[in-house]
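Look for chain A in each of the two complexes below; its partner is chain B in the first and chain C in the second.
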Partner chain A sequence: MAQSTAHRRLLQEYRALTNNPGPEGTPFEGGVFPAELRFPKDYPLAPPSMKFLGEVWHPNVYPSGLVCISILHPPGDDPNHYEHASERWSPIQSVEKILISVMSMLAEPNDESPANVEAAKMWRDRRGEYEQKVRDGVRRMLGL
Partner chain B sequence: MEPRNEELDVPNLTDWLNTPLAGLMPVEQAFRCHVCKDFYNSPMLTSCNHTFCSICIRRYLSTDPTCPLCRAKVEEVKLRGNWALREAVDAFVQARDTLLQVARKPVAAPSPPKRKAAEYDETHTDGRENKRHRMSTRSRRVKGGEVTAAMMREEYDAIESDDSTYSEPDDGLVACPICQKRMKVNQVDPHLEASCVGPPDEQSSSASRSRGNPNSNSRSARPAVQISPQKTRPERLPALAYSMIKDGALRKKMAELGLSTAGSRPMLERRHQEWVIIWNANCDSAKPKKRFELLHDLEVWEKTMGTRAPTSSRAAILGAQIKDKNFDREGWANKNKNSFQDLIANARRTRNQVEKQNREASEEQQKDSEKQRHEQLPEVMDLTGPSSQPEGKYKAEGKSKAEVEGEGESKVEMDIPLDEGFHPADYSPEPPHYGILEQPKEMQYVPHQGPVPPGNAEMPIQSKPTFLPQ
Partner chain C sequence: MANEQVNVPSLLVILVLSGLIIRYLFFTSPAGAAASAAGRRGGGASQLAATLRAREAQVDRILQMFPQADRRTVLWDLQRNGGNVAATTERILAGRMETPPITFQPPPPGAANGASNAQSQSAAKEPDKPAQPDLIMRYNLQDKITPGSAESPASEATSSARTGTGSGSGKGKAWSSNREERQSLLQKRRDQMILEARRKMEAKIAAEKAAP
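Presenting the complex of A and B:
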């Protein structure tokens, strides 16, 4: 059984997620946000990266879909100089925690150091337009 | 990537969900390492009182000398074994299969609602009293008293039947949950207090336990409490300050340890570091592995993270090999002759397909533009006059030659007969309007072509705005 640590750990997480699929009753319940998680070979020492495959208009999501939240950043580097070490990646985090963080990020953007400056400006100054744009994006993603 | 089914058959704490023993989920979580999410393997206590598997914390500290949970500074040399937890984990792992069998027996009672692990506040003790405790927590959780009786029945059933084929004789008696002796229901409690002799057949139950967990057999052989530990423990290896040590010295050291010295200097360092981690973690184990087993562990590391790790893909590795100057080109070419030929054939086929599609597309385009031109026809006739008509026909052929040389639409005329969907009549230059239609287009192409038929030289300027093919 030549399985790496990363492999075994991901199996555990996969089972836990399939059997116990996270919190219910959030405003995003029912929405579908296809995303891709890429795990490094030394997972869980290093964090995975997360990328939305559809269009997500959000201050903390790069136009490419790459998600920029502190839990996905290793404690060593702080590209944005505002994150506390305690918020950043540690092997005790998990896919489930990442997904929870992303859900709360979707609801409450952090515009201190935005990945999508345009979206952040719109979110700050023209909230109505921002919400309309987000809703349109979600509807498009659902094929409505 | 979807994991294979057999791989998914790993013990996981969510196994308890939707069973009457869902309360064991937080228990199991407490027995699992935060880093690897597996049961603690040689749990070690940090100076900040957190516990991790020996290998997990050692590996993490090699990248960042802090506690993964609270980020306090942690020194590797100050890690201490958490032996009590080790015993508890081993005991739980041994009991787990049996407990799960009990929990998974079909019950009449509704399963408790799904909840998140963190929300569970009840904790359970394991051991004998567990039974009573469990029942009370369950009756708290599952609302309605009518299910309690069903659950008690189920519980007795489950405990007595270690093998699932066992069926209860219909004699109006119940079996003692411990010793399986059959008696009247109201005798069970006094019997348990006073005269129960314990489990009748230890062997059968331990056999059923070991079925799902290959480790449990060896573990159950270990005495519950180690009275004389540390017989001949292997010595821990010191960490090396890699920046202070020269290549040759490092290689020598690794050769002394019996490690491979293949790969670049960073790879050597990582391999040595991994070996120190594996070795030292093994020193914390209650049952230290043999050296060759550790070498096998290092082998797994080598395949997944080390020199033989899939750097990015198989193709990338092959690419690196092929670029090597010692690469056997002839041999490679011979070996892969067939695949090369297949690839070439494939490429030709797809190119033909693409060309065919382009052709069809251009035909469509042509049809469309013809329609357009048809609408504009009267104007054309006014511009060119009847005298140009014969020339138009002549140029239609010249044009096809020009296109063969130039554009993507080139082979339209040449290959049309091969196309099944094509009706030559539609495209034949014979219909009288065709020549006229072609003419404006021709005018546009003529300047690029070289010899310009006299008399038509000014025409492009006039006709271009109207007839430019879009």
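Presenting the complex of A and C:
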């Protein structure tokens, strides 16, 4: 069966993915967040994009669900020059590393370049309200 | 000799110029006349809708590249350069976007989409919204939710252990070389994950209610 490099590498990574418990004590704890990763044809040279399918209230997640995080940016693509090349995508990164980065992003938002300005404001100024909103979203997602 | 050398380029220039003039006189005006005639015949509205739709698609393309860009600003820029996506992209990249005047009021995003339901963008976005509320609905898990939460984890664990030994691995490592089997195993695992998370959250909420 003729498989592309991208396909083979993805199968290998998919297989390697096991349970990755996230950090504790965040308002996102205990939640399940389905997301869609879209891989370009020339993966792993180019990074995939990641989009949450449900509602995620977070400074670095666009209201559309698109995740804005340095590991998903191709090197040399940063117009603002505050990300190091080492933080951005390269073929030595992997889906697992993306998911780990996203988990730590959920726990510790980066409000330097917010994708959701309202969420960033709330996170900065009204932390209690932000955490409650996130918790409510997590429960709504589980149908509770 | 010198005379002739000058003549060749000037001849070319004359040829090109006359070609352009002929093209302008005989090819654009009939098309324009036909278009205006069509407009007079009542096709003006549909033509407007078509340009709106095209503009909408261009804006969507740019907003996909630059989600942070303002829709109205992008529309204004596209309108000014006659729908040149590349030029607008360049301007956004260079940070030279100008803010549109207050008098510029673009139609709301839905206006052109409403006219063309077949547009893929709107079609892709619409099923997103109703599917958003919760995972139980999304993956049809309603009938798998059991109120007796104390018993169900055990029974599910045994059933998954059975399938796990069947495929030659433990509970966590659901991997099969068969494509269909792998898919169903992974889907099952996803469902279990959601149901388990829901059970845990239920217990947590119950504990919170009992504590204070």
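Note that in this section the second predicted complex is superposed on the first by the 128 of 144 C-alpha atoms of A that agree within 3 Å, B and C clash if a C-alpha of one lies under 4 Å from a C-alpha of the other, contacts with A are read in each partner's own complex, and residues count from 1 in each chain.
What we mean here is this: contacts are C-beta pairs under 8 Å (C-beta built on N, C-alpha and C of every residue); 3 or more make two chains touch, one makes a residue touch a chain.
Fair warning: this is a prediction, and the values are worked out from it, not measured in the lab.
Asks: Return first, second, both or neither, reflecting whether A:75 touches chain B, chain C, both chains, or no partner chain.
Replies: first
Asks: Answer with first, second, both or neither: which of chain B and chain C does A:5 touch in the superposed model?
Replies: first
Asks: Tell me which partner A:91 touches in the superposition: chain B (first), chain C (second), both or neither.
Replies: First partner only.
Asks: Between chain B (first) and chain C (second), which does A:141 come into contact with in this model arrangement: first, second, both, or neither?
Replies: In the superposed model, A:141 contacts chain C only, not chain B.
Asks: Applying the touch criterion given at the start, work out whether A:13 contacts chain B, chain C, both or neither, answering first, second, both or neither.
Replies: Once the two structures are laid over each other on A, A:13 reaches chain B alone.
Asks: Return the chain, chain B or chain C, that is in touch with more residues of chain A.
Replies: With both complexes superposed on chain A, more residues of chain A are touched by B.
Asks: For A:45, select first, second, both or neither according to whether it touches chain B, chain C, the two together, or no partner.
Replies: Once the two structures are laid over each other on A, A:45 reaches chain B alone.
Asks: According to the stated criteria, A:64 is in contact with first (chain B), second (chain C), both, or neither; which is it?
Replies: second
Asks: Name the residues of chain A shared by its contacts with chain B and its contacts with chain C.
Replies: Common interface on chain A, chain B vs chain C: 15, 19.
Asks: Taking the touch rule as given, give the residues of chain A at its contact with chain C in the complex, in rising order.
Replies: 15, 18-19, 30-32, 34, 53-55, 62, 64, 66, 79, 115, 138-144
Asks: Which of the residues in chain B end up touching chain A in this complex?
Replies: 3, 7-8, 10, 12-15, 17, 34-38, 56, 59-60, 63-64, 66, 68-69, 71, 114, 116-117, 299-301, 303-305, 309
Asks: Which part of chain C faces chain A closely enough to touch in the complex?
Replies: My answer: residues 67-68, 93, 95, 128, 131-138, 145, 172-173, 175, 193-194, 197-198, 200-202, 204-205.
Asks: In the complex, go through chain A and note every residue touching chain B.
Replies: Per the stated touch rule, the residues are 2-9, 11-16, 19-20, 22-23, 41-42, 44-45, 75-76, 85-86, 90-92, 94.
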